[in-house]
Amino acid sequence: MNAITALAPKAATLPEGLSEITYARLMRASTATLTTILFKRGFRNCFLQGPRAINPAAVRVVGPAYTLRNIPAREDLDHLKVFEDNNHPQRKAFEDMPAGHVMVIDSRGDARAASAGSLLLTRLLRRGCAGIVTDGGFRDTPEIEKLALPAYHVRPTAPTNLILHHAVDVQTPIACGSVAIYPGDVIVGDGEGVVCIPAHLADSVAEESETQTVYEDFVQERIDAGDTLFGLYPLTSPQQAAAFEAWKTARGR
Amino acid sequence: MNAITALAPKAATLPEGLSEITYARLMRASTATLTTILFKRGFRNCFLQGPRAINPAAVRVVGPAYTLRNIPAREDLDHLKVFEDNNHPQRKAFEDMPAGHVMVIDSRGDARAASAGSLLLTRLLRRGCAGIVTDGGFRDTPEIEKLALPAYHVRPTAPTNLILHHAVDVQTPIACGSVAIYPGDVIVGDGEGVVCIPAHLADSVAEESETQTVYEDFVQERIDAGDTLFGLYPLTSPQQAAAFEAWKTARGR
Amino acid sequence: MNAITALAPKAATLPEGLSEITYARLMRASTATLTTILFKRGFRNCFLQGPRAINPAAVRVVGPAYTLRNIPAREDLDHLKVFEDNNHPQRKAFEDMPAGHVMVIDSRGDARAASAGSLLLTRLLRRGCAGIVTDGGFRDTPEIEKLALPAYHVRPTAPTNLILHHAVDVQTPIACGSVAIYPGDVIVGDGEGVVCIPAHLADSVAEESETQTVYEDFVQERIDAGDTLFGLYPLTSPQQAAAFEAWKTARGR
Amino acid sequence: MNAITALAPKAATLPEGLSEITYARLMRASTATLTTILFKRGFRNCFLQGPRAINPAAVRVVGPAYTLRNIPAREDLDHLKVFEDNNHPQRKAFEDMPAGHVMVIDSRGDARAASAGSLLLTRLLRRGCAGIVTDGGFRDTPEIEKLALPAYHVRPTAPTNLILHHAVDVQTPIACGSVAIYPGDVIVGDGEGVVCIPAHLADSVAEESETQTVYEDFVQERIDAGDTLFGLYPLTSPQQAAAFEAWKTARGR
Amino acid sequence: MNAITALAPKAATLPEGLSEITYARLMRASTATLTTILFKRGFRNCFLQGPRAINPAAVRVVGPAYTLRNIPAREDLDHLKVFEDNNHPQRKAFEDMPAGHVMVIDSRGDARAASAGSLLLTRLLRRGCAGIVTDGGFRDTPEIEKLALPAYHVRPTAPTNLILHHAVDVQTPIACGSVAIYPGDVIVGDGEGVVCIPAHLADSVAEESETQTVYEDFVQERIDAGDTLFGLYPLTSPQQAAAFEAWKTARGR
Amino acid sequence: MNAITALAPKAATLPEGLSEITYARLMRASTATLTTILFKRGFRNCFLQGPRAINPAAVRVVGPAYTLRNIPAREDLDHLKVFEDNNHPQRKAFEDMPAGHVMVIDSRGDARAASAGSLLLTRLLRRGCAGIVTDGGFRDTPEIEKLALPAYHVRPTAPTNLILHHAVDVQTPIACGSVAIYPGDVIVGDGEGVVCIPAHLADSVAEESETQTVYEDFVQERIDAGDTLFGLYPLTSPQQAAAFEAWKTARGR
């Protein structure tokens, strides 16, 4: 468990409602594993379609969702002056979101203008936030590629958000990547993309992910060694089941 | 003005904030004319992309927007039992929307499941509501085609909304057909589609639409008579300008 | 039940595995009602996305699916000579499909060339077939619009199928309109579109559809009369429940 | 040939390069038949994808293409004042296109703003033009639906063209509905859509279309009478071939 | 020829029907060159639209196609238990496909759920298979990026295939990336994507690709040296033609 | 200014109409900054949607647009022989475009066949051209990835342009990535994508970009240091305004 603990931030900095062990387990789980566990529980639509990581060196993120919703811009309401108002929902969101959270932005899947840029993302990083996801695009991506903040989007896009997006409210349930996101749901990102775990299932999904990951590590090793999939994946062969038990014992997992 | 007044509901039934004269003028204006007038004021994105009228005999509608927002459904939250709750946002919206209003539904442009069906639309009609618009689809469209309620959607779709849509709140600003809709904006529908007029511009746009419609009626008559577009449309020829003045005088418009 | 029986073909002509009562019930059920019943049984994806009826006077169809699958055309294999071979899968399908069946064509959702045209559809009609569905388009649609064969497609398209489609086999499971279609599944079409009922569920779904249709007829009547949705739809009010019982008794339904 | 001649305008009014007989033959041919004949000559991409007729009573059109090209609008160049210039390419095109021609507009497949409206289309009609096609949309479609001008578009759209389109030049080769259109190509429209015949092939395609239409009329009659497709369509059976010869003789075709 | 031979597997391990020389030649040819050679033979649609290589270090693949076809999943048929059956088409395909072959998966272009994941791909690698292609997505892509198996997909996607795909049969003709794939066709992948060569043309296309590649190497060298395209590409200048002959002689190509 | 000057080509090689200082300023500006400056001037649609850089080491480009327009290919006109004609618009464009210019190709957003390949791009590089952009795809991308020519496209695609594209003319106004491009407009590309600056605004936009970049560098430094966005971005706080002045003085910017 040492390795896991090493990954975790100090307990004091974990956001409310996210336990240290759940955080640690989800930091080790792949989004592929998590979607399978959620499928077992009847959830078919929890992987965000579209968003992918910008910075390959900063792709692991676990944290509660803090939502920001955009509607289409309107010429008389969305001009550069609006940012002079500290209560503008986009700017306020970047200052208000608590540390450890992941901002999830509903951009209606429209990447023709930016959801945010590197300056705002840097602010999130400095404030101790965990990451950011949009189903649109970010601007200043050459800078974001070097930023230590897990950031997920659909594609780079230079135009300012005002051209297309009007930030309208925060912390309401939203759509992102065709998935329902409720504030507080647990967002997990890896090199494949982003999954959303309903808040009340985070602990149990995290627990099962650990068991599942141990099993998949065993399967990987056996397949690498030349074993057939049959009986191994899924584990229907008594011989492989016994081998798995022995393997776990030997490794203390 | 008699003709216009005839079209208008009794003043007592007009929703708050929509004057009898504005209502009457907008009932005569085409959505094409209105988009041009809004373009003059700097608005390029006020025509809803996608929605079209279902019942060709019920296509004219004018009324303030009452908004309903959907996010993607989630299997544990969206099942048939939810409708037993009278506070379910979709059902409540259909009972709460004031007479004379137009319901505008944000369905994220997804018509793979229905935004509503003929039973709910009949209820709106009975309650004196003015119309309904979605950027998804309605079900029971063979019945809706016979209903005296102006209803606009993208295409017919049989599946119940629960398969895809979660009604989450009402009377917040939304997106519909890629246009920003604020509660109270004035929705105008005709045989071409639906336009959204920002609330504070409704009176002035309506007034200009009357002038513009008179002019376009004149142009239509001259083109029918064989006149060239040059000097007539737009009206840059002194001869045509004089003819227009005479034409208006002769018709008392 | 007389009305229903009147709609049904003589029992002798019903395809194997489709009982007279199930046929009659499904001919009365709307695709909207059927998708709700299938949703109750856990099926979310049974309405074909895209296909709609061509001839508004010929939209009701019930029959077992007979499938035809297309892959992309290849220039050396798909030229006009191929139709001289009576074993060409497309032509053979139109001669082989048993009476009472509905041909369902997998066109990969591509309507840029036709899946078939009016001559072939007329042949189906003469052979006593029940209908035809494609997730592409048909050609000769001005003629098909007058044909008494329920035919569903995405949009009219003139080019011969050979330009884009290669008919490869029949009676295998296919995709049509993003729905899985297994040979023998029961296809139901109405003015809204097409639903696919898994074969083993046809009888029970048909039975429930009758109950559901009776209920919806009652709801329609009450809403027409001005009743609120609450307590009525769904039927949670004891008063409305009692009214429904009385209504059914009075009408012998 | 009397029937055909009756359809044709007086020879004097036919545009240069389009003979009376070719015009008459193409007015009788379906776009489906024409695409097959072009496919035989190696052309796979001559049916315009998207455009369909607006007025069901005015769908037959044959005439040489007169092209108008749009590029995206730019805010400083595309405002309402531009129409005061009689040399504006859009307005000039509607006054310059010779009688008997078909205007084909390249709108880059974008129907979010109109390619033109009913006033301009009425002008075309008055000037003796044959028809109009866009791969975008027209505005004022409720009026166009009543206009005796064959007009083809993708969908109704209210916004003025200036919002999205900049008319840039006429009579250059363009794309429309993903098909190459060269000025002078022969455009044929029917209830299914629009096909473009390369200018140098118009006479030979028209001639073959007559033969093909006679054959298809025969096939239709035989299928109506219950004959199998085999040997008939295509005509590989000696018996059917003999029947066809007799049929033609009997009808003088 | 030494260089080529070095790339080839031992003849004994080449799949039936793929000669050592054809394999070697195709391993050197780019997909761009191959599409041009196929275009000369009348084939316009042989490059798979969408799939691209996952692991930049494992992009060259040549082998006969082994096809796997998916249709949409159905809730009652597609659950995690199905993999306990060793005859499940997906799992069986991964155990059955002969060494040296390339699995091509028809996922209907839908990447919202995975076509397969890293464990199954590792099994292919261990079994001596040549590569894998889908027009959907793979899961576990961070692992696949490190795997020495050429793997082509549209985008990463975490959800298990069961959510969306039902593996239905193997070794039938399929569509992949909008191209027809017949079992045994020769699949060639490089850093640009994947091309499918009809089986009966593999030897002649491979032979011509060698000639073409030699010519393109010469052109590259001349352009690098500052020569004009004219006369060189294509080779219409006698001087350049002579230079090419001398160049070939000097290099023994 | 030394750094900037170092980036600039010798004045003698700058294309006519592009001053050394404007070139230098635009080489330093990000496309994100430029779209904001253009938005202030009323331009909402100047970022090309789709194209991205192929070679990460060659992404900065500034130069006047030289346009090449494609329409759909036609089988009888577009075959390999056409390249033997030195006046073929595509080949001529690659030989004619002046040094320092950026070729912008209208491929109608269609990447199913290549707009050009590495041999032609190498020729551009040797001729001193500045870069190339298409809203389709290039072929030979593995080679282009190593080429020192800034090249922007939507995705790699192997098929020769003749399969889909017909180069029809050069130096006319075109659409690329849904943006209007007039010959001579100033094209700027960076790691995010490509922006088009109307020719008459290039100098003033470039000048403002320098001021804006200085300000954004300051903001970046302050945010890195932990400052709040409020008052800083935009610069409404007197304290931050004073800090900015001091910062500029200290750095001589």
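As written, the chain order gives the labels A, B, C, D, E and F, with residue 1 at the start of each chain.
Everything below uses one rule, namely that a contact is a pair of C-beta atoms (placed from the backbone, for glycine too) under 8 Å apart; a residue touches a chain by one contact, two chains touch by 3 or more.
The structure displayed is predicted, hence computed values, not measured ones.
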Partner chains that chain D and chain E have in common: C, F
Using the touch definition up top, find the fewest steps from chain B to chain F. 2
For the two copies chain E and chain F, what is the rotation angle that overlays their Cα atoms, in steps of 5 degrees? 120
Using the average of all C-alpha atoms in each chain as its centre, how far is it in Å between chain A and chain F? 33
Measuring from the mean C-alpha position of chain C to the mean C-alpha position of chain E, what distance in angstrom results? 39
With chain centres defined as C-alpha means, what is the inter-centre distance between chain B and chain E in Å? 52
Among the residues of chain E, pick out those that touch two or more other chains and give their numbers. 44
Counting only chain pairs that touch, give me the topology of the graph as line, ring, star, complete or other. other
Touching pairs of chains, which are they? A-B, A-E, A-F, B-C, B-D, C-D, C-E, D-F, E-F
Can you name the residues of chain B that touch chain C in the complex? 80, 83-84, 86, 91, 94-95, 112, 114, 117-120, 122-123, 126, 139-142, 145, 155-160, 162-163
Interfacial residue positions of chain A with respect to chain B in the complex: 42-45, 71-77, 108, 166, 168-169, 172-175, 178-181, 198
Touching chain B in the complex: which residues of chain C? 30-32, 34-36, 39-40, 44, 46-47, 49, 52, 190-193, 195, 216, 219-220, 223-224, 226, 228-230, 233-234, 236
